[in-house]
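Chain IDs A, B and C follow the sequence of writing; residue 1 opens each chain.
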Amino acid sequence: MTQLCPTTTYFVYNALLSAVFAKNIGRFAASVAFEVVLLSAPRLKIENLFCERDERILFDQLCFDVEAGEVVQIEGQNGSGKTTLLRILSGLSRNFEGEIYWQGEPVQECAESFRESLLYFGHQPGVKAVLTPEENLRWYASMHPTIDLSKLDYALARVGLTGYEDAPCHTLSAGQNRRVSLARLYLSSAPLWILDEPFTAIDKRGVAEKEALIEEHAAQGGTVILTTHHELAIGDRIRRINLDQLMGTS
Amino acid sequence: MSNIVTKQAEQKLQSGAVKVDGPFWGALKRDLLLSYRRKSDLVNPLIFFLMVATLFPLGVSPEPQFLADVAPGVVWVAALLATLLSMDSLFRSDFEDGTLEQLLLSPQPLFMVVLAKVLAHWMLTGLPLTLLAPLLGVMLFLPGEGMFGLVLSLLLGTPTLSLVGAIGAALTVGLRKGGVLISLLVLPLYIPVLIFGTASIQAAITGLPLGGYLALLGAMLALGLVMAPLAISAALRISVSG
Amino acid sequence: MADKKWMPRWFYQLASPRWCYDITGKLLPIFAVAAVLLLVTGTVWALMFAPADYQQGNSFRIIYIHVPSAILAQSCYMMMAVAGAIGLIWKMKVADMVAKSCAPIGATIAILALATGAIWGKPTWGSWWVWDARLTSMLILLFLYFGVMALNSAIESEQTAAQATAVLALVGLVNIPIIKYSVDWWNTLHQPATFTLTEKPAMPPEMWIPLLVMVIGFYCFFAVAMMLRLRNEIVRRERRSSWVRELISG
């Protein structure tokens, strides 16, 4: 509840502002009602998700909610459908049945605002080999308005790529390429992060830094859904969802 | 003096650091930059274009009268195949390094991004092909009066080829053996452009007005500009989803 | 799922493979009998009783196969595209199966139209193949069918294959009129005033009534072939569901 407070005050403030400017009580009431609905609905709600791949049912009747300020780690063996689940949640994969709600709205009806709120880190880092780290991030910024390019130097420094700004990415190592992509975490203001194995090929120090970043993001009311084989050192904020167990019980 | 200039340039660079391109320019600039860094991709379709045109005198007959007769068709078929050859790479490298996923997850309208990518593709293949075509025309003894029609018809027709080809590229991007399949899907759809492209050259040679043919090519381009990006976007979402 | 409310009941029922399997089971014998009756009547009428053409003699009689197959090949493509669109928009599995079943039938019938055209061409034009506008359009239609079939078999995931094929079929559908118009135009440019197979100024009723019977007979035959393939496809895809298991064991 304590986490909700800053967001609540923000919404109330917002609603008051709109009331003052609109000078319209009806609209004020409507806006309060709207925001109350938004607050009461979970960030992301997954309902009765069913997905099969190659004639194998990956998950059936999968339901869970993700709230603001939560870190959700999806666990499971290889082939249990972790990546598939993240791809479905991000909207990349549409081969599923069931409903996904983003802030109370079906995700296909608010696709644009959902994508605006999303930062996705997939198996492939999404880095062009012949472009430099800076060019890659600039392109990403042109596609995603939530990216704040004024922090570019800071972000590259944080992922340890200072001095590599002008080197084409194919001259960098695999880990460095993934760091280029991870630099987006420092630039983005998107509330929802979906990270698929973000720590692969990242050294220990890098992992610790990213863990701190994820924790900070969650503390500020952000939401993180990720898969990783690392033992995450993120306090009590983390929630684990094990796909193997879910399938075992159902 | 020079110091001040560099300082100004530096300031300009720094202020530019915050400037963000829109989706259309961002995608267009990136694709142009990519092929600038990898020039061989740029030159290959052009060489192919020349080679195909060379095969005809060697394979059939080097006689000027015969070549002049078939020149419009040969140039158009060669342009068509060269476009097709370059089509497969349009989305494939983006698919393989994961940038296509990021593109599809962008809140920006996919229509514009796709249009920008196709425009970049045309600027890198269709436009150079059009500019190179008069050279082929000379090699194939195309009468001088036909040159104008050749260039204009290619100028209006090749963007349509890029647009329609991109649908095939988007449908096959997730497949390992997309290259052959793409020709199978796209070639039948190229036929109207081929027919009116060669017809406008023939009209130009015989001195008939070619406005009508060019208008038809333009109409096809207009239709393609409106419809193809929709089909490409849908096809990309389907291919990445699978 | 909410957007299905406005649809009539039968449309909703069509979405159920089981209902479709049952209803096609009932319709199948009706269409089969109709197809046999119409085709036999039409063939006998066309070959024995219809008058010979005053210019082409008896060789014109092949139009009783050529024309129905040409019409059917085109309608079949249209049906494939429409079914694909329904599958794409409402995620209806049965529509995908219909679209998939259409392609090979349509291709076969297009080949039949081309073969009969060639057989007719030999006595009339003196060569097996002439670049006649209709034959050329039919050839291109066959290429479109090949494209659809090749794409469908190249994609492993059934759902993705169905969706991708639907997009291609729709693109083809938009293009068919353009192709047809441009080929007709091209033909008048290169081959002014030759015989065409079907453009008769006025066909007497003794000639066109058997043709009509044949056309309807062909449609019935198509319905039978389609339903057989569709039922096959339904059983194949639903083989793990309880009702198919009962059907097979019982």
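Brief remarks follow.
The rule is simple: a residue touches a chain if its C-beta (ideal position, glycine included) is under 8 Å from a C-beta of that chain, and two chains touch if they have at least 3 such contacts.
What you see is a predicted model, and the numbers here were worked out from it, not measured in a lab.
Chain centres here are C-alpha means, and the one lying farthest from subunit C is A.
Counting C-beta pairs in contact across A-C and across B-C shows that the higher total falls to B-C.
Subunit B and subunit C have Cα centroids separated by 34 Å. Between subunit A and subunit C the centroid-to-centroid distance comes to 48 Å (mean Cα coordinates, whole Å). Multi-chain contact residues, meaning those touching two or more other chains, occur in subunit B at positions 238, 241-242.
Touching two or more other chains at once are residues 156-157, 159-160 of subunit C.
Counting only residues that touch two or more partner chains, subunit A has 95. Of all residues in subunit C, only 88, 140, 143-144, 146-147, 150-151, 154-157, 159-161, 163-164, 167-168, 170-172, 174-175, 178-179, 181-183, 185-186, 189 touch subunit B in the complex they form.
Residues 17-23, 25-27, 30, 33-34, 37-38, 93, 96-99, 101-108, 113, 237-238, 240-242 of subunit B are the ones that touch subunit A when the two sit in their complex.
Those residues of subunit B that touch subunit C in the complex are listed here as 164, 167, 171-172, 174-175, 177, 181, 184-185, 187-189, 191-192, 195-196, 199, 220, 223, 227, 231, 234-235, 238-239, 241-242.
Remark: subunit A residues 90-95, 112-113, 115-116, 118, 120, 122-131, 135, 138-145, 147, 149-150, 152-153, 168 touch subunit B in the complex.
Remark: subunit C residues 1, 156-157, 159-160, 240 touch subunit A in the complex.
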